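In the two complexes below, subunit A is the common chain; its partner is subunit B in one and subunit C in the other.
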Partner chain A sequence: MPKRVMIVDDNEYVRLSVEIICESVELELASAASGEECLRQLEAGFSGVILMDIMMPEMDGWDTIRQIVARGLYPGNVIVMLTGMGEPDAKMDGVQEYVTDYLTKPFGPDQLIESLQYYLSLLQGGGDGDE
Partner chain B sequence: MSRTSLVMIGVSTGGPPTLKELFGALPALDAAFVIVLHITPEMDYRIAQGLDQVASMPVTLARHGEYLRPGHVYLAPGGVHLKLEGNQKVVLCKGARVNYVAPSVDVAMQSLTRPLWGKLVGIVLTGMGKDGAEGLRHLKSLGGLTMAQDQKSSVIYGMPKAALQTGAVDLVLPPRGIADKLVKLFPPLPVPLSKAT
Partner chain C sequence: MNTEENRRILLIDDAPAIHEDFRKILEPTRPGGELAELEAALFGAPAPGAWASFELHSAYQGEEGFALVQAAVAARSPFAMAFVDMRMPPGWDGVETVEHLWQADPELQVVICTAYSDYSWEEVLQRLDVGDRLLILKKPFDAIEVRQLASALTAKWNMTRQAAQKLAELEAAVESRTHELNRANQKLQLDIVERERAEQQTRDAYQRISDILEFLPDATFVVDENRRVIAWNRAIEVMTGVPKGEILGQGEHAYALPFYGVRRPILIDLLNETREVQERLYHGITRNGRTLCAEAKVEFADGAHYLWSAASPLCDLNGNQVGGIQTLRDITEARRAEQERSRLEAQLQRSRTVKALTVQLGHDLKTPLTPLFALLPLIRSKVTEPGLARMLDICQDCVSQVQGLTDKALELVRLSGKGMPQEFKRVGLAGAADLSRANCAPLLAARGVACLNSIDPGLAVRGVEEELVLLFDNLLSNAARFAAQNGTVRITAVVEGEAVRVSVQDDGIGLDPDHEKLIFDEFFKADQARHDLNTQGLGLAICKSIVLNHKGKIWAESPGLGLGSTIHFTLPPWETAEPTP
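Then we have the complex of A and B:
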């Protein structure tokens, strides 16, 4: 089963850092430089853990999540927000249930790997949830 | 009337790793644990299953109509509110979002009533917003013990801060400190058969 991760960040350095970290533990990485690109990849069938930057030009992380939900693209994914801000953002109101975790930049490789592996294990081992 | 003690936990963003740390440090205890995590129906079962793997007590999604049992952990399902009838029977109900969320921690905590037959503990952990603050205040008014996660260990110090600002929080602790306190409050139970290896 593929262990898939998508990094959504307009900062190329962050995308590259995540790519190097994922490669080191053989996680398959998709890279998106904008919210729109993230949506395109989800519509093309991506499923996995989405690392979402908050501050992006045009469509920020919160608006991207709203679009993910509105277009029915959320099921099968876990969203982890990436932020350099120390304080919570009021724009999160109404979408916090779709945000499973929060990583503050700069994050260490071990911290990122631990989070990714945990959420991937939830996605791969959780069945369909129907009881 | 049940004498089951109850621990009700409200948590949001950053919840899964924090709950993992808390329940990974807890032995089976003589209390029922109810977790209200802001989560979607798509993820609730997976989160419960992930937590069950690290907890000494069985973790399941709360089911409508079931009675809480000591030594068990119940996760509120996504998309509906959870209430407790008589502080022990699970009621799942659809309804408008409260504090932008369903399930809402405030709704769950404010469903608790007197009389209390066992101990009652309310805890608010990491999360965005203020959900749980009024619930914790209510729980305190019933005679319960209240705790909030400390700022340093919180992924998002929104909900614990709002709870603290009500003046109804007895203890401010990191997850490990909360676990230590719970161990002192409740006697241990034998590890359930389903968890025995």
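Then we have the complex of A and C:
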């Protein structure tokens, strides 16, 4: 069964928590500690729901999306941003259209599972995430 | 004046023999003759050349004599005198001839020679304007008579001519002098007028300068070269309380007294001092051209004042210093405003730092909260042992508490950071309250609190709906928490003047009067709330930020502890801005 969800976050505990929750519902998770790693996995063939942290060192969430789009890796993926607070960010201009939803940190296991099921349904429906 | 004497004599007589006689008498070419001897015997020796000094001309008729006189006058060589015979047929007689001669030459001295009279002398005198120009010589005459007449009358002619010339010269001199005097007089008159005008202008200019000085808004005084006060304007009277009557004419640094209480040098005394001396008395003194500027702190009756001052020398047209002028401006208010501005800027800077720290802390907390939030429920679901389960519940509550605190802190920062004017829209007040009532329903239900929304459904305000719902959320969750068990929360709104006043009233624990203002401060909690783990103490601070963003006021009222409390706030009504679309 191919992995259909990727967590992109520089914090190991956040990645592990998401992994544990996914395991609890037998959902296999790809894990990336940086924007570059996310891009590598996409280039290696990953396709699915990408949970993307915004604040990361080197390449932040917005720049990672820019690269995804620039390298033609966007189709077939749903991008969900993990945010501390839904406040506007000057860097999001121009890439917002590629973001399907925002998930506010911290989130409980039930909330995450519910959300993931919804995003996965968007993929199964053949949608590419655009609203 | 012609210095050469005129000895020219004209003889007019129809008898040639007479001419011969006269020539012998008046032109004696043979000195030492009989006549000369006789004369010498009578008058002593004559002056050498005296005999040769007459120049005798002859005419034998009146008309001829007249022509000679005319010619002589024309040649500017007139005759001094004429001897005229009375009877000279066939031409003019003596009187007529004389009349003509005087027409030609009024100065001519005349002797009429006659042996007898056809005219009475009275008649002659009537016909002629004789004056003193006519003598009569009766024939037969002596030689000496003729000579003496000739001598006397030529001398008289010359003297008359000289006198006339002298008179003419005198008259010319007088006229010239008079002219000069007139010119001098005219010039003097002009000078006087000019001077009066200049004096008037000077007086006017002085008055103008005095008036300008008097009504200058800045306190100003002027000193002369001896540093005695010669002007003290109204503004400085007001500033110092010293009327000009008390200080004008005073020297010895009297002008320092109102400012420093002692006679000491002030700015105006430092105009010609060295930089060192200036700096010693006034720190930070500046020089602009010949003007000195400085700031000083002085004590007046009502306290400390900051004065900004400028002093300048006053010079005459030659550049000599003849005094000085100093102006003073009370900059106390500006200075205090500046201090207040600095204080506020520092406060703002601190506030920005706090905000930045809060935002950073908030975001940093979110990251470790995420695994806790994600994993604790999973662990709890696997635990069945009651003691362990209780401990995990406590951990879960604490994590929720930290999360709530973080959210509210970030929200408060976000709201209070809104310095920009927001776009206000029409917000139905009752609807916003209802949305919030729904949001808080679980909390209200938990304590059996009833919430009554009595706001007129048609009442609208200008605002940001999302913020107003958040405002009600905070107030209702507070009310739900502090209302009496199974109590009531009432939401009402009235239009008061140009504002809508909204009130949220509960029947709960009430407020200590001392806390009525403090409750809007960040992290303030009344004692009982400090033990309540479900509140962050930021709710009312957020409410305050939202109301301030809407240019309203928020305040609390309570009859006292245990008697319930009411939070009031005002919002701008929609009607005052523009017609409802």
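Note that in this section the second predicted complex is superposed on the first by the 121 of 131 C-alpha atoms of A that agree within 3 Å, B and C clash if a C-alpha of one lies under 4 Å from a C-alpha of the other, contacts with A are read in each partner's own complex, and residues count from 1 in each chain.
We take it that a contact is a pair of C-beta atoms (placed from the backbone, for glycine too) under 8 Å apart; a residue touches a chain by one contact, two chains touch by 3 or more.
A quick note: this is a predicted structure, and the numbers were derived from the prediction, not measured.
Of the two partner chains placed by the overlay, only subunit C lies in contact with A:L16; subunit B stays clear of it.
Looking at the superposition, the partner that touches the larger set of subunit A residues, subunit B or subunit C, turns out to be B.
Once chain A of one complex is fitted onto chain A of the other, the partner contacts of A:E26 are absent, as it touches neither subunit B nor subunit C. Touch criterion met: A:D101 reaches subunit B, while subunit C stays clear of it. Judged by the touch definition given at the top, the superposed model places A:Y74 against subunit B, while subunit C stays out of reach.
Looking at the shared chain after the overlay, A:D93 reaches subunit B, while subunit C stays out of its contact range. Once the two complexes are overlaid on the shared chain, A:Y118 sits against subunit B while remaining clear of subunit C. For subunit B in complex with subunit A, the residues that touch the partner chain are 12-17, 20, 38-47, 49-50, 61, 78, 97, 100-101, 127-129, 155-158.
By the touch criterion given at the top, residues 11, 13-14, 16-18, 20-21, 24, 55, 84-85, 87, 105-110, 112 of subunit A touch subunit C in their complex. The touching residues of subunit C, counted against subunit A in their complex, run 362-363, 366-375, 377-378, 399, 403, 407, 410-411, 414. Subunit A makes touch with subunit B in their complex at residues 74-76, 78, 81, 88-89, 92-94, 96-102, 115, 118-119, 121-123, 125-127, 129, 131.
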